[in-house]
Amino acid sequence: MFDYLANPSRFMRTANRLLLPLVVVSSICAAIGLYLGLFVSPADYQQGDTVRIIYIHVPAAWLALFGYVGLGLCGLFYIVWRHPIADIAARAIAPVGTVFAFLTLVTGALWGKPMWGAWWVWDARLTSMLILFFFYLGFLALSNGFDQAERGSRPAALLALVGMINVPIVKFSVDWWNTLHQPASLIRRGGPAIDSSMLMPLVLMLIAAHTYFAIIVILRMRALLAERRAAALMLRPNSKPFRVLT
Amino acid sequence: MMNETQINARNTHAKKWSPVIGLRIRDLCVLRGMRLVINGLSHQQQPGDIYCLTGPNGAGKSTLLRTIANRLPVARGQISCAVPVVYIGHDDGLSGSISGRQNLTGWAKINGFAYQAAAIDQALDSFATNRFADISIQRLSRGQRRRLALARLKLAPANSLWLLDEPNASLDQATNALLDAAVIAHADSGGMVLAATHFDFAIAASPQIITLPERPE
Amino acid sequence: MTPFFAQIERDLMIAWQNRQDFGVMLIFFVIIIVLFPLAIGSNTAILDPLTVPFIWIAALLSILAGFERLFAQDVRDGWLDQVSLSQLGLGWYALAKAISHWLSTALPLLIMTPLMAVMLNIPSSQFSTLLVALLVGSMGLTLLGVIGAALAEGARRGAALMALLILPLAVPILIFGTLASQSEMGIINPHLMLLCAVFVVLLAIAPLVAASALETGEIESGL
């Protein structure tokens, strides 16, 4: 299957076929999830309506992590098999992941102000997310830091791989350093510690966010591929122009 | 995108089992950025052969030499070479802070060639560099540095392949003669030379010429 | 092992020729440490608990500041081309670079540290704990610097980019290092063990990553 998808045109054909179903699923889940989350689910007896930030905060945090795993896998594929599509995918994922990491930090701060009385506290999870955000920025800076864009691909892929090894170490070290945050509430042994009236919208929002992520990444990959082909065409004006696949 | 030939091309330098005696290049394509700089080049060279690589600026002479020296990735095709490769590129590969003798000794050591004082002296002698071999490189002229870089050639084994990129660009007449003599002696003892140059090179040995075409752009 | 030691020997010779550079780095280290009390004030009740972190931050910054040019000179001279064709190989080359760089920059800094510790009133019973933790930490930071320098080689704004790449990676070393230096449990404490573990991981990956990054890290010279 990997060999089949390694061809950029075939990859994009497959991805394009997925696009419409993804948009449908994403918008339906987001609509229902937001409605349930903002209007139907009860306010927390301690946290009040503030708790509704969870429907943005948690999906954003998941996607920030998910995006980093994606970057690491792309890096692995790029280094080991030299698939150009892996480079394109990594460049498509990185800014999206960065935005979600930033969103996590902002919603975390908004949530923290009424809960802890401060916009920012140095607790383990916020701090690891901040460092993850810096990783993303480093990846973006490195992949675009060379005069020829393709020169950045290999170092950036290596950085993503190093990050994959290092992120768990950073996470562990920051936990070791300090922990004040409430324990993970969704996935833990003995079932979720969250009422089903809140679980339902949260799960819907998670699905919506993941499909949204996939849509944006596919659209960005399409744009990046088209950009590369356009550049290749400009360099070879006499060659037979090939169709820019969209 | 990865196919069999590409994998082969990447490993050729590691594999010694190939039946090649000298240098063999088959249908080589090299990309630089998105430009196809070398398109389907084939070349074969036996021990004792001297080849001269000519062509207009931008034809891919340096690219070809750097690819054979394993410093640029092969996009398609195959390079097989069964002997040690010595590459003298545009840059001399000498550190400015230490002397020529120290540079040469270090180079011989990392390559596993003879690095005893006698061997180094002999190499330095062959390009008449003894007078300035113990001064730090940054105080030498361009031509003097070039001579020290070329002195490395004498440290390599007799059967090695010399890849020379514009070796005589900043040399004076006398040193040019020394270089020609060294090249001819190397070929006579079974070595190979592939040089990219715009100038007369080892005329006495009447080297074979490869002309790279100008790239259509 | 001759090629490996030859590379170290070569780098140390070059470092010795440019020995005013490590003077500059030592002064940088001292000045950062001096800046902290100037910013915080001379109240020892506030200063004393912060002295070990000062030394760590100063060490981290001055070790990483020296990495910008680690491979740049070798790339420009064409030495890297020679290395990649030689028996040495790029992985061993990167490790040799790390060792010679540690010897020529981090070691003088470690020798300077007791003096700084005296200046900051750190109790002398804590010196050995601090030094051992700094020893392991500086080796880890050096390996990180090798990774960063190899990845950012040839990039625009290399120095700033390197800092952006390396500082997030340096978090575990900073955390375990400062904890290990202040531990009440003697020189060999759990934090030091964790610091050593981080160092071992870096030792395993740094040469591989650097070699892979330098493999095609070419500058566009002629065609």
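Note that the chains are named A, B and C in the order they appear, and that numbering of residues resets to 1 at the start of each chain.
In this text, a residue touches a chain if its C-beta (ideal position, glycine included) is under 8 Å from a C-beta of that chain, and two chains touch if they have at least 3 such contacts.
Predicted model only: the values in this text are computed from it and were never measured.
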Using only protein Cα atoms, the chain sitting most centrally is C
Most C-beta contact pairs, which chains?
B-C
Return the chain whose centre of C-alpha atoms lies at maximal distance from the corresponding centre of chain B.
A
Separation of mean Cα positions, chain C and chain B [Å, integer]
36
Take the average of all CA coordinates in chain A, do the same for chain C, and state the distance between these two points in whole angstrom.
32
Quick one: report the Å distance separating chain A from chain B, using the average Cα coordinate of each chain.
48
Do you know which chain B residues sit against two or more other chains?
none
Contacts with two or more other chains occur in chain C at residues 216, 220
Touching two or more other chains - residues of chain A:
148
Chain A-touching residues of chain C, taken from the complex the two chains share
147, 150-157, 161, 164-165, 167-169, 171-172, 175-176, 179, 194, 198, 201, 205, 209, 212-213, 216-217, 220
Help me check something: in the complex, which residues belonging to chain B touch chain C?
32, 37, 57-63, 66, 69-73, 85-87, 89-98, 102, 105-107, 109-112, 115, 136, 165
Given the complex with chain B, which residues does chain C contribute to the contact?
2-3, 5-7, 9-10, 13-14, 17-18, 73-74, 76-79, 81-88, 216, 218, 220-223
Contact residues on chain A for chain C in the complex?
79, 131, 134-135, 137-138, 141-142, 145-148, 151-152, 154-155, 158-159, 161-163, 165-166, 169-170, 172-174, 176-177
